[in-house]
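The same chain A turns up in both complexes below, where it pairs with chain B and then with chain C.
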Partner chain A sequence: MAVVETSSPGAAPKTSLGRAAEERRTAWFLTAPALLLMVVILLAPVVIAGVLSFTNYSLGNTGFDWIGTRNYERLFTRSTYEKMFVATLTYVVTVVPISVGLGLGAALLINSLGRFRELYKTIYFLPVMATLLAMAIAWEFMLHPSIGMINRTLEMGCGTVLETVWPFMANGCAERFPVWLGDKRYAIWVICFIGIWQGFGFNMVLYLAGLTSVHRELYHAAEMDGAKSGWDRFRLVTWPALGPTTVFVVTITCIRAFQVFDTIEAFWPQGGGPNKSTYVMMFAIFEKGVQQNLIGIGSAITMLFLAFVMFLTLIQRWLVERKVHY
Partner chain B sequence: MTRDWWKHLILMLGVIVVIAPFYMMVSYSFKSPGEIDRGEGGFFGRQEMMVDERCVKLRDPSRDDIAAAAPDYPGLSDSEIRDALVSAAEADCSMRPVVFNYTKAFTEAPLLRYLLNGVIVTASIFLIQVVVALPAAYALAKLKFWGREAVFGLVLFCLLIPVHAIALPLYIMLAKLGLTNTYAALVVPWTISVFGIFLMRQFFMTVPDDLIDAARMDGMGEFAIVWRVMLPTAIPALLAFAIFSVVAHWNDYFWPRIVVTGNRDLFTPPLGLREFKGDGDGSFFGPMMATATVIVMPLIVAFLLAQKRFIEGITLSGMK
Partner chain C sequence: MAELSIANVTKRFGETEVLKGVSLDIADGEFVSLVGPSGCGKSTLLRIIAGLEAQSSGDIRIGGQSVAGHRAADRNLSMVFQSYALYPHLSVGENIAVPLKMRRLNGLQRLPVVGRLMPGARAMADEIGQDVEHAAQMLEIAHLLDRKPGQLSGGQRQRVALGRALVREPSAFLLDEPLSNLDAKLRVQTRAEIAQLHRRLAATFIYVTHDQVEAMTMSDRIAVMMGGRILQCASPEVVYDDPDRIEVAEFIGSPKINILPVEVDEDGQLVLAGRLLDLALPGRGKGVASLGLRPEALRLAGEQAPLRGHVVHSENLGSEMFVQIELQDQAQRVTLRATPHQRRALGLGAAVGLDFEAGNALIFDADGARVRTVAKVGLSKAEVA
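Presenting the complex of A and B:
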């Protein structure tokens, strides 16, 4: 190619100009479908939701009224929506740290093993692959108050020392064990548990990938500097080296946690659990916007939801730019 | 190994919790209703012959049946013929619980249809995603044009928007176009994968320019370059993306739940299972768990066969 350019120095700029124009045309031609779809499918809906959140629109109505910020006011004053925020935040605040912590713990344990690493990795990753709705139904059977495996297992503990050392057991054996999904004290925690069960394997795999990039020499260096215990080595070498992985894992777990829906819809098709204790945002959008056709309020929740998610991602990008190496 | 026993202990406890629902799902899909109720039978159940009550009830002999069967049972009274017919029906309707559960899974609801829908939807989503994303990724990575930075900036911005989050306005748009309860509704929102564009662009950046220049020298157009030069080099990345995409959409429940209402012909596997559960009168645990097993298994088996690729694909979102 170099030969072509040097052999005809006079003609080169002209043809390359023509080429540039053609390249530009092709480039736009190649990106056009993607651009169009991005605008129509991703950007337009955000704008539409933004606009509709200030109206009382319903599907099927010809017109709508502008009602200002009344939808948002409702979100922050009605007790239903207070429950929505409580449920969503409880879920996110519980699931994110625990599933990230368990993912990290499992990755560290597995990474330190010589044998069976692949086996553990495979098994812990199974829930990530499985259809969550199907697994939710399996969990529902496990948690069945009378014939479920959980309560049956607990019943086996009756009459043993467990009863004396664990008030929960004593209570369960004397009266009966919880109905789990029907009890507002337990419902949200069961949902959290399933969320953690499903997601921690994903975090584990990401951490395992992160661990392979920690240099061995760093551990030697730390040992030279007097980091004798395993905890010291973790604190001084592993954890800082995993910084970027952690930022990513936390963000993606957060975003997924905000989107929890399948389990809740499977357990309580109506109303979001006992006493609305599991009425999370995605379910609220579905119930208000789609089922009850209250598009205005549904859009307002959508906007709030988007704000949360974008805020989180922007924090993540900002942290990555700063190259999190504490 | 001996030094690590406590690690294995902890990990084994984790394994029990992780496996429990899978174990139960598969085990229940083998057992008879009685065994499920009483919690007996180990993993496989005892597989004793069981009689399908519904099947017997359906074949409950009417007066005409008895009259028609009379020549076959010479010298018997009507009630004796009736008893004979009922016991014949019971014999025909008895089967092993595992057979019962899985046949019911496929006959109570059009499970095959659901699986086919799942395949159609996930396959079309993936194909369209590739057709849209690949040329754009190529242009963003290898062509110089005014506005490239702006387009890429837009891609980065769109990465912030999870499609599930904007489900409501998308649903309104589709409803206005009269597209709810169609395959289009299931596929359209996922046709644009900004993540796919981003991923393929990063991959194409690593493809040497010489390869493209050589193709141009051979007289290939840009369009041909995308499909005949870039696509083959991108196979590993595409495979990972395929796994990512297929797993996400096979398992997706939220979006199908919104746009498909009532029309069973369009149900994806998770929707079918959901309806099965809604219909259940409680005695149908076995067939329901068989349905769940059938829905979960394809991906699990594929995963077990190609673990490395799957883990790569699913954790793609971790690539930067």
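Presenting the complex of A and C:
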């Protein structure tokens, strides 16, 4: 230690200053490993991707050229990327509200049950636990246009009253039922359906946890105040109490929806669906950055993806702080 | 405003019978407290009156009309909950307005955003605003109307809960331990305010509490409940001075009444620890009984006093003093109320004699029922015997 303790009164502040500096050094020393790891494995990749998005780098090349914002310009001008945005947003806008709504509905129904709660919870949670890649293969078999279970089942409806009341059925019986995965009109909706089927159980579990925190006496107060219908009680008590849960569920579901990849990779390993109708962002990153080794454009899509997710997270922070905590 | 009558109400939760046939008539404008230890069924009874719980049998009539089968929302009662149960997302003003909105606006007018555009909604909203303002002024919370419950202190939340209850004119107010979450000082203050509010509104109040002081200070009548039954329902003075049962005498009064075991001899005369007392129970044979003496019924006396012991603990409250005295040859303590200037004679360990007026003694038989026919006998005969 550089500072020697002396008995003179003037030296006292010097000593404590020296000690503070020493403590600061120790603190930095102790946090350095964690900081280093954080920078190396979390921040540096993002920064590198950001830098590479302004280049035409390919893996294996010794050098690269700076091409400015040309990667980003391409993203916003080429029709492939337009399809990417359409597919991604269609998926997000469809899957998020429906899987959040179904999750909430299932949670409310299960919560009102006296018996078989655990059973229902387990059943709805099954798809969440399943590996989506394996499930995608099962779905592929079921959706096969001629031997698949779904079209076989639909064919059973031919010649019945269904044919007269349901135009889709009539069309299918007259000509043929949809090719599902091979038809650009249906492909993205099939992906959405599987996304909802797979994801809403998770939202249900989060909502069930949220429902346990709703104060029971509030329902009694609502009843005394004249809230007679279930809808009134939901509006007055349940929905506001679930505010924090809803913000979390919506954010998580949004991020998961932006990340959809497994089913598309399983159904269409080459190309992202019929006429690129299911060419979602994650698949685009994979195709450009990994399959075609175009690191520059892959990085640009990644940055855009990060921007979306960051934007959602910021909205969530704002909502959490301003609106839903009372 | 209306009278309320409870006829032979029972409540069973599975095997356990929580209410064992409770009957009670409450007059219009009366303040009745349901008081008893926890688990005595008082809150259950209140919730049955409110309609939040269904009785197993029996009938409730409000204003002469049976409300069997009417749900809570249709009974026109207001309730203040122990936890206040304020809607956390609504401001104080909106909280107080909820019962009015739910009753005066239809489903369309209550819709968010578009509800305001519905015909008549604006005029109704103004009217509700005025009523809320009026209620807030009565409770002196007008300056808090824009705040959220989370920003209020316990006492303020309590007022908001009261405001929500009194903003419309219900048949009766039900209060479920509304003061138990307040600190001691605020509780005393709010107690007085609720009592004043009752006088001002002249409405029927049913007040549940486990605190006998609250019941004593606020009510017109107290219903003492124990084990799912009402043991006695009478004015605070009667319940205190003239209890029907030993449980009532023990529950009401702080510090607790002194209960001493006594024997009844062949002539019906009472024997306390081998000494004859100047009290007799005419027409009773040999047996045991209990002698109840309020701390203020005891007084210091000399050597010849019927009770003797020594001081083991004393609490000086300033205006009065409670002294615990361990009785000789009985291994039992009694509490004496003394005035602070008697302190000198009541030092720790001091030997004291205690006496009481025969008229202040409450006698209970072996089953705990009050014995009201007590005769005073001459002590000269007793001393000879």
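As a convention for this text, the second predicted complex is superposed on the first by the 289 of 326 C-alpha atoms of A that agree within 3 Å, B and C clash if a C-alpha of one lies under 4 Å from a C-alpha of the other, contacts with A are read in each partner's own complex, and residues count from 1 in each chain.
The rule we apply is simple: contacts are C-beta pairs under 8 Å (C-beta built on N, C-alpha and C of every residue); 3 or more make two chains touch, one makes a residue touch a chain.
Treat the numbers as computed from the prediction; the structure is a model and nothing was measured.
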Clash or fit, chain B versus chain C on superposed chain A: fit
Figure out whether A:Ile137 sits in contact with chain B (first) or chain C (second), or with both, or with neither. first
Mind working out whether A:Asp232 is in touch with chain B, chain C, both or neither, as first, second, both or neither? second
Who does A:Pro240 touch here: chain B (first), chain C (second), both, or neither? second
Thinking of the overlay built on chain A, is A:His215 touched by chain B (first), by chain C (second), by both, or by neither? second
For A:Phe261, using the defined touch cut-off, is the partner it touches chain B, chain C, both, or neither? Pick first, second, both or neither. first
In this superposition, which partner touches a larger number of chain A residues, chain B or chain C? B
Where does A:Glu223 make contact in the superposed view: on chain B (first), on chain C (second), on both, or on neither? second
What is the contact status of A:Val179 with respect to chain B (first) and chain C (second): first, second, both, or neither? neither
In whole Å, how close do chain B and chain C get at the C-alpha level once superposed? 18
Going by the contact rule at the top, pick out the chain B residues touching chain A in the complex. 1, 4, 7-8, 10-11, 14-15, 17-22, 24-25, 28, 36-37, 39, 131-133, 135-136, 138-140, 143-148, 151, 154-155, 158-173, 175, 188-189, 191-192, 194, 197, 213, 217, 221-223, 226, 247, 250-251, 253-254, 257-258, 269-270, 273-274, 277-278, 285, 288-289, 292, 295-296, 299-300, 303-304, 307, 310-311, 314-315, 317-318, 320
Would you pull the chain A residues touching chain C in the complex into a rising list? 215, 217-218, 220-229, 232, 236-237, 240-241, 243, 326
For the complex, which residues does chain C have touching chain A? 47, 50-52, 71-74, 77-79, 81-83, 85-90, 98-99, 102-103, 107, 110, 148-150, 164
Contacting residues of chain A [partner chain B, same complex]: 1, 20, 23-24, 26-28, 30-31, 33-35, 37-38, 41-46, 48-49, 52, 59, 106, 109-110, 112-116, 118, 120-135, 137-139, 141-142, 147, 149, 152, 197, 201-202, 205-206, 209, 245, 248, 252, 255, 259, 261-262, 265-266, 269, 282, 285-286, 289-290, 295, 298-299, 302, 305-306, 309-310, 313-314, 320
